[in-house]
Amino acid sequence: MSDSGPVQMRSPVLTVRRVDAYHAITVVAPNIAERFRSGQFLAVAVGGEHSGMLLRRPFAIHDVKPDYGGTVEFLFSVAGAGTSWLAERRSRDLLDIVGPLGRPFPLPRDPVNCVLVGGGSGCAPLFPLAQALRRRGCRVDLVLGAATADRVCGSITARRVAETATFVTEDGSFGVRGRVSDPLGRVIEETRSDVVYACGPMPMLRAVTAMADRYELPTQVSVEESMACGTGICMSCVVPIVGDDGITRMARACVDGPVFRGERVRFDDVGTIPFDALGAPGWKAQPDGRGADREAG
Amino acid sequence: MSSDLRIRLGRVELGNPIMTAAGCAGTGRELARFVDIAQMGAIATKSVMLEPRAGRPSPRMAETPSGMLSSIGLQGPGIDVFLERDLPWLLSRGGTPVVSIAGGSAPEYAELARRLSEAGGVAVVEINLSCPNPADQGRDFTDDPAEAARVVHAVRSHTHSDIPVFAKLAPDVADLVGLASACVEARADGLSMVNTIRGMAIDPATLRPAVAGGLGGLSGPAIRPIAVNCVYRARAALPDVPIIGMGGVRTGADVLEFMAAGATAVAVGTVNFADPSACARILREFEESVAGRGVARVSELVGAAHRPTGASLGG
Amino acid sequence: MSSDLRIRLGRVELGNPIMTAAGCAGTGRELARFVDIAQMGAIATKSVMLEPRAGRPSPRMAETPSGMLSSIGLQGPGIDVFLERDLPWLLSRGGTPVVSIAGGSAPEYAELARRLSEAGGVAVVEINLSCPNPADQGRDFTDDPAEAARVVHAVRSHTHSDIPVFAKLAPDVADLVGLASACVEARADGLSMVNTIRGMAIDPATLRPAVAGGLGGLSGPAIRPIAVNCVYRARAALPDVPIIGMGGVRTGADVLEFMAAGATAVAVGTVNFADPSACARILREFEESVAGRGVARVSELVGAAHRPTGASLGG
Amino acid sequence: MSDSGPVQMRSPVLTVRRVDAYHAITVVAPNIAERFRSGQFLAVAVGGEHSGMLLRRPFAIHDVKPDYGGTVEFLFSVAGAGTSWLAERRSRDLLDIVGPLGRPFPLPRDPVNCVLVGGGSGCAPLFPLAQALRRRGCRVDLVLGAATADRVCGSITARRVAETATFVTEDGSFGVRGRVSDPLGRVIEETRSDVVYACGPMPMLRAVTAMADRYELPTQVSVEESMACGTGICMSCVVPIVGDDGITRMARACVDGPVFRGERVRFDDVGTIPFDALGAPGWKAQPDGRGADREAG
């Protein structure tokens, strides 16, 4: 009901395109477009009204345009039944979408040098981020990776929005062979980066954060956790995050994230409840009030 | 003609029978971005415990046909934060709080009830009995009617007499009606049913359980026929005890189904995840359908399926 | 690489683990128009009784989210017609018959088993224990482990020793593992699980139960997580007892899920109604996925989810 | 697997039309078209591959044409979620259909006079029946009814395929006011009918059968029972039918019917198990072998 919060709407599909291994769907969604900040995502209902697939699928917002009052685009690869249903949509179909959801990438106040690192479909949210950073006068360099060439997304746009773009594939079929964290040190050095942004699978985020750490750079990472609601009400999407007070809390990727400060994510403990997390088994409230609840982030 | 939507849960009147289910509406704040909290019959909170609690490891959920498995483990900040932050917020927005409580022993539950009573503003206390009982080898309180009754009795004794106490039951127990009766004998003012059903999914790629805990709780439309049957049986055995019915409610018609089976109020759970504005939509659908039928008071619908065929309803 | 699909149910070997569930394949003839009966691991028959039986009044079914409620009431022509017409037909088509039997007392079940044994050609006798026991106020045999055990014992004693006897259990019983153990102690060679779960749907237009009997049995993909959990628990408690798993199987991946949980064979029920060629498709999907994984013998998959993480499977 | 039996196929939708209160979908289904005999039906999967609606919806086959190797058409009104999903199909969508199912209308050997009586969507299967009868040299007269004018289906085609067509609506908005059984006696007399065919709701079939009985005419009725499988394997669609041996059996509408001889349907007992039905509670096998099972019909 709040004006800046997410909205739910039935949005007409404008276009469905194939881009290498990805499908790109653009929907008309003025209320979402106007609220959008980079790093936020959509939750899309799949399978139609009487679908046996109850839960929405989360997708990063990849592009927002002013056409038709405001359009929103997301990119996806077919992973299972939900995405294969989505891949069959045609223009004029209606999609039930909720967005924009989640905590956006924080933008630096000053025009600093930023490296944006993406893995697979994790590249999608980096393009609007690049544009927002450029609007603030930041220098943007991209490091985009994937398993194979056709899974590196946005390689053409990349050269347009960034000073440099480095491509990495695991099989070496495009750009450097290896993982995105491999050339990262070099890019950081060459571009004199001040901050690192990253989106992709958890092991990649961990490696990127570790590398940035070596250069004592702050990172902002966008995590991918499986989500039942995307709106913060179900508590299914938690990751262990260290708060300002040094206390670890199980924070919700969908509303407290998906963007967290990399050094605050306890990557080694993802998928567990760290023994020292607030309210972990055996955990006891401290007499000095440490552990009183506060939003993690 | 518009219908009188009000219903009574013991001493408390709700503006309409449609509410959220515990653990499926966050603190209320998150849902309030999509639904006017004040418009709903009530908002049930995530089960509150005495201490903060981190819950279970992830993955915590898996989608299943028309349902989901979850294993959250009652993550929450504890009663202090609840009373300081969440309850006042709910009340400030005009919400009617049904506060769900969870504990590991009767005295823990009682302490929660006492503090909620003192705080004021709580409409109903709902006892989540699907919690492991350390004194009973970690079996849930619902697994032993005597243990469940002990908790209900303790809570009832520590709750202000104006606040009805509802005992929330799981469907997969040895003897549902026996359990319900034990709770009512221990002075529960009403029953909430059903909690999730134990289930499991195995990832066909890894051949490992899809939810970290192995076991999860099944919820959503998939379980609705089981839930409706539970409500029907409890109503048949205990016709004077109000029931909050839930399990897979997705539409206004589903609300009618639960009311006909014997529920006085009906809660929306998992469907809030799928459709964040579901509560508002369901209330609208329900209002339209009862008005269309010419039902004067929706409370007349309660238990309709138990009446002899031909007993007429509405216009 | 193609995998060895054969599995063993006690003394009997099936060509592959995929079969039909009792009551969900007609006499075999109707399904044979869509599926090659001989290709399936086995065909379970509708539960056979001593006498012809008309079943329950209609409406006998209602669709529910990803499932259905049914109340057929074991309509069938009785054992005479079965032996004269249906069994010979199945055998003539190369089918492997798992014959389900239903009765009202241990001697009735035993008599059915004796006649089936004599007839020859029966691969497995499956005891449908979800039948009302007139001597126990009409409660199902599954509601009392001692009664269930009495039936199992009687059947085992009257069945040729080459024919394994499987006890079929419902999931909504007081103590599933206790019941399963009682059946095994009474010399059941294996367990079939699960039968349908009690449920109810109410027609929102008439506010009356949608199925004439009021109560129906819930089946289909909706119940799969409950069924998988039952198989998992039985396997954990009785690791050496073969299980025929079922409940909502729709795809080859679902077969893997049941096998990983502990089923040796997996039956397709309700999905045959939705998709008459489902059995053939599921077998194809299953074959492709085990071949793709490089599983040498599919019997290795049984119980995989119970093994410590990292225990490797296949190539 | 049998050549004359039903087949399952994914059929492309050729056209979707509105006809008054009905939608007409034509699919390309050569294997079904070639097997079809009038009175048979289709079972159509609804909601898409991961639909929460598990069961197929049965629809009478309304028309079969040789185009594209063979097309099949069915007519329906929106009754609930399944039919409203169907109403949204567009051409080139694929429908998963099974057919042709059920026992067709038996055709007379000789060129006799036939009255065909339909109620609501029950008119749909009468048109291919009329054509089949005409091909045999029969005289065909139609009595078509519905609640309101827009629910009388095929009123234009009716005059083409039949000698006479009488229309009946409950509200009198088209043709005679009343029920189809009201003018039936007159039509039987005027056209010197030899046999009555009927399709529609159970109470209508009962009234038609009763009327035909007065004139000692045989009836063939097509019943509508709710069906889980449509293929004969679930036993959910039973109606009490008196067999040649005088014994009542609970027969499956989907394979033993949907067409039964009217006088064999125990209309008063539909929805019950008649106490004297084979295997009814309390029923006992007769020593003379009466009650041995045989297909009812």
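Each chain carries a letter (A, B, C and D) given by its place in the written order, and its residues are counted from 1.
In this text, a residue touches a chain if its C-beta (ideal position, glycine included) is under 8 Å from a C-beta of that chain, and two chains touch if they have at least 3 such contacts.
Not measured: the values here are computed from a predicted model.
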Ordered by label, the neighbours common to subunit A and subunit B are C, D
By C-beta contact count, B-D versus C-D, the higher one is C-D
Chain-centre distance (mean CA atoms) for subunit B and subunit C, in whole Å, is 34
Distance between the CA centroids of subunit B and subunit D (whole Å) is 46
Between the Cα centroids of subunit A and subunit D the separation in whole angstrom comes to 56
Touching two or more other chains in subunit C are residues 65-67, 220-221
Within subunit D, the set of residues that touch 2 or more other chains is 50, 52-53
Contact graph of the chains (line, ring, star, complete, other): complete
Touching subunit D in the complex, subunit C uses residues 23-26, 30-36, 46, 51-61, 63, 65-68, 70, 72, 75-78, 80-81, 85, 212, 220-221, 270-277
Contacts from subunit A onto subunit C in the complex sit at residues 50, 52
Listed in rising order, subunit A residues that touch subunit B in their complex are 1-2, 5-6, 8, 45, 52-56, 96, 98, 225-226, 228-229, 231-239, 249-250, 255, 270-273, 277-281, 283-285, 291-293
In their shared complex, subunit A is touched by residues of subunit D numbered 47-53, 81, 85
Counting only contacts in the complex, subunit C reaches subunit B at residues 64-67, 69, 172, 174-175, 197-202, 204, 207-209, 214-216, 218, 220-226, 228-229, 232, 248, 250, 253-254, 256-257, 260-261, 289, 301, 304-305, 309, 313
